[in-house]
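The structure under discussion is supplied below as structure tokens; questions concerning it will follow.
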Amino acid sequence: MNAILVALAIVPLAATILTWWTPRRASQVITILSGIMVFGLSLSLVPTTGAGRFLAAGPVLRADSLSVVFLIPTTFLYGATAIFTAGYLHPPEGEAGRRYTRRFFAGINAFCWAMVVAPLANGLALLWVAIEVTTVISALLVAIDDTDGATEAAWKYVLVASLGLGIALLGTIVLYYAGTRVFGASYDLSYGKLVAGAPRFPKDVVRLADILAVLGYGTKMGLVPVHTWLPDAHSEAPTPISALLSGALLATSFYGILRFFQISVRAIGPSFPRNVLLTFGLASLLLAALYLLSQRDLKRLLAYSSVEHMGILAIGMSFAAPLAIVGVLLHVIAHGFAKGTAFFGAGAVVRKFGTKDLRRIRDGTQVLPWSGPMLVLAVLALSAMPPFGLFRSEFLIVAGGLSDPPDAVAAVLVVLVTLAFFGLSWFTTGTMVVAPRSSHALAVERGEPSRFIVVAMVLGLTGLVVLGIHVPGQLSGLLHRAASELEVAR
Amino acid sequence: MDARRSRLHQAQLAPAAIQVLQDLTIVFGAPLISGVVAHIEGRLQGRRGPRILQPYYDLSKLFRKETLVPEGSSWVFLVGPIVAFACYLIVPLLIPVLTTYGLPLGYMGDILGGGFVLALAGFAVAVAAAESGAPYAQLGASRAMTFGALIEPTILFVVFAVGIITATDLPYALAATVRSSAGQIVRPAHVLAAVAFFLVVLADTGRIPVETHSGTIELGMIDEARTLEHSGAPFALLKWGSAMKQLILYTILIDVFVAPWGLAGSAGVGSVLLAIPALLGKAVILGCVFAVIDNSFSKLRLFKITEFLAAAFLLAALAVLVYYVGGG
Amino acid sequence: MVHPAPSTFTGAADVISVLVLLSEFAMLRAPLLRSQIRLYAFQSLVVTALAIVVAASQHIGELYVLAALSFLLKVVIVPAIVLRFLSRAEVDLAGSSAFGVATMTLIAIAVSVFGFFSIGALHLRSTALPSTALAVSVAVVLVAFVLIVLRSDVVSQAVGFFSLENGVSVASLVVASGLPLIVDVAFLFDLLVAVVVFGVLMRVHHGRTKTLSTEPLDQLKG
């Protein structure tokens, strides 16, 4: 019984219950404290799991190196978003506002709770349950603003994501069936068992399970062509929710895919799971790069950037070289930091200008003296500029792809990423740096909407720089350890 | 007494005699079935209903009447009913009417062949109706052909299902397969094909969800309308033929799909003679089922027939699929 | 390739699962939202019956508990929730669809053919494997997709999702009957949560647009 795991599962849940009852200020403090505490707890797991041990609490919770890799961005964004929310939230006055605040904080805590539990769940069945819970809670959070756009986005999101998860459940059940050949009719779907028994699973059945799982969890992760909910939900949700969706939720779904990958490669060899991921990854990267060139909406721009990065993750996994897998895992963490920061910046812009329309936002770096430049930096980080963490991770992925034998896809990857870079930076520099000329641009006063937003962004950028310049030794150990869990002979 | 019975039991009928009996059963049983069903249907609707033997009286009366031919119509008008009747005489030779084993002429044509002969009969009636020049007869003929074309895919898939379950296309083989085990009856491919065929029969015997098979509402008529211009002996042949077609379809549904029990397993006189009332009894029960269905649902609008037939097609297609994938 | 007749149990299970598929087709056809919900209840009842058949034939006591729970949830509670929502909404009780019934049926047949053949292509055929039921459940999932895509009202779409879950339930009953009860219960609980969220969102949608149609939901593009 590991106390840290239990605490990780209980603290956000307790915060959920508390914030349902407490007034706004207390809720803010509770959420921030819970976020920071959970982030600290998950960092404390790094040394042990990085050394190759796994921790367990009862039959339900289990953490190994791979889980902790995914815990880090989630819990960091939990804390950072809590801080950001304190500055971002402007509920209406009176009873309606109180109700809104209560729902918002309880919802955000519950959402993060589900996302923290998902990587800790021991077994594919519980993982599925946790991810489905994230869907339903976050759908309510997307709809919370009660605008036409939010309602539409929430409906599309809950429908598409639920359908995807239905497919993933089918995949889980098919995999269970594969296991019955080895373990007998009744067993639990825990990872240790599945990984150990995988080589004796019937191959065709595992193949079916792998496709279903990638398609199903891929829907939630935003892989093209099942990404359709993503831009809508990201752009219409309140900005803190957008940050969590993009930085943490997509990663959690990717975690589900990786668990299936881990089992599949042991059962049927690497080539089939790799090709599945490669197909989805290339489609995502291509489509996202093209959409990035024609965006009018700041948050949609960032949403398509998420699709792009999910494509990079899938392609990186399909290289399956040890170096590339380390890169993919680092990319998960760095993307969480960078996308969170970028959405925080977008939140500041939206609060300041009152619009998400890129044509009407001008001269952001002047109007927002702190968060403006930091948004530009975050976007540069998302475009994999040094010295940020994404540069290192994408470098590792491409290097892994080019290591023996060189994979032509690596070259395609570089081209498409460059294309995406153009789209992303073109619009951002246009809005943030260029001085206003057209009469569309809104005239607003100079100044930051809130100090909390700046703090949250500073935290994110700091993390990115640390990851870019020098990955701490223990974290590096964790990444390599987790990569070795997924590693396969090419 | 005992000696006579056992002699009767041991006496064998020549295959040719059984074949003749098959035809005679259908020819003379068909009006009986129509009569019984019409009687019961009358009771269902709260009427006393016509006499059970009424169809026989009708036929004998019609044969004694004079034959009128519309002005301008050719010999086809008179030949059509005869061709149709001949077709209905051929089909019983191909299907298991009385025996479980195939009779010599049973191998003359497979299930598709039987279907073709039935279609030829329909064609002959339709041509004769068209030849009459009367609008309602032509309307009935064109509708019958249209719906026939819509039913066709369903029948084809039913045939496919039968074909892949038994690896032959002989109706006898399917009946034998169904009898072989309980598993054969509950296997989805068989259940689905049987239900699809049930719907086909429902549609093809004038019980179609849009048709009023008895009565005088011309707009709801299909089969009945085709014969409006005929009189005398040709009309009698048409009516008789239509009753035979109904019994033939019932026989296929009963003896091939649903309940192929009670058939003679040998050429013994006793068992063959027993098979006749068994078949007629089952046909009466089936006819009552149809009558109940027909009277408990309201008719659909004419163009809704595509929905009904789409449902039948769905079942038949699923039957093939289910079998193809898992041997279901 | 003549397959021998399946055992009576497998045959019965297969027929029941085919019934699930047929009720999915019926839902596709049903013009009235209420009849669609009743069909969903019927479909859930069939799934419950399948659970009992599997429990009885494989002697898995836990499945009786599951059958009872799934009856309570899927036959009683979920339809009741949606019906109550409908009777409060009091608007357009007939759903709308993009195509005629025959066209929809043909599309759905084509889609389920794809499902059947893709399962068939895996060559899962063996004595122990009820691949018919597995293929049927995949077909149910695909037809549910067709339902959701072609029907343009929120209730049909939600019911489509619930019935998709029924399809997955069929798969889990047939190929994973030994799944621990706690996991099954977790799945059911999850469905309940999803139903509540769907209900909330349907109410929000109806509150904003005064209609159940999804036609107003076309603002977000690109």
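Observations
The letters A, B and C name the chains in turn, as written, and every chain counts its residues from 1.
Note that in this section a contact is a pair of C-beta atoms (placed from the backbone, for glycine too) under 8 Å apart; a residue touches a chain by one contact, two chains touch by 3 or more.
Just so it is clear, the structure is predicted and the values come from calculations on it, not from any experiment.
The chains that touch subunit A as well as subunit B are C. With centres taken as mean CA coordinates, the chain nearest to the overall protein centre is C.
Centroids of subunit A and subunit B (each the mean of its C-alpha atoms) stand 66 Å apart.
Centres computed as Cα averages put subunit A at a distance of 31 Å from subunit C. The geometric centre of subunit B is 37 Å away from that of subunit C, both derived from CA atoms. Of all residues in subunit B, none touches two or more other chains. Residue positions 119, 124, 134 of subunit C are each in touch with at least two other chains.
Chain contacts: subunit A has no residue touching two or more partner chains. Residue ranges of subunit B in contact with subunit C, taken from their complex: 164-167, 180-188, 191-192, 306-307, 310-311, 313-315, 317-318, 321-328. Subunit C contributes residues 1-8, 10-12, 14-15, 17-18, 21-22, 25, 29, 100-102, 105-106, 109, 112-113, 116-117, 119-120, 124-125, 129-136 to its touches with subunit B in the complex.
The residues of subunit C lying in touch with subunit A in their complex are 58, 119, 122-124, 134, 137-138, 141, 145, 148, 154, 157-158, 161, 164-165, 167-168, 171-172, 175-180, 183, 186-187, 190, 193-194, 196-198, 200-201, 204-205, 208, 214, 216-220, 222. Taken together, the subunit A residues at the contact with subunit C in this complex read 125-126, 129, 132-133, 135-136, 139-140, 143, 146, 148-149, 151-156, 158-159, 162-163, 166-167, 169-170, 173-174, 176-177, 180, 184-189, 204-205, 207-208, 231-232, 235-236, 291, 294-296, 300.
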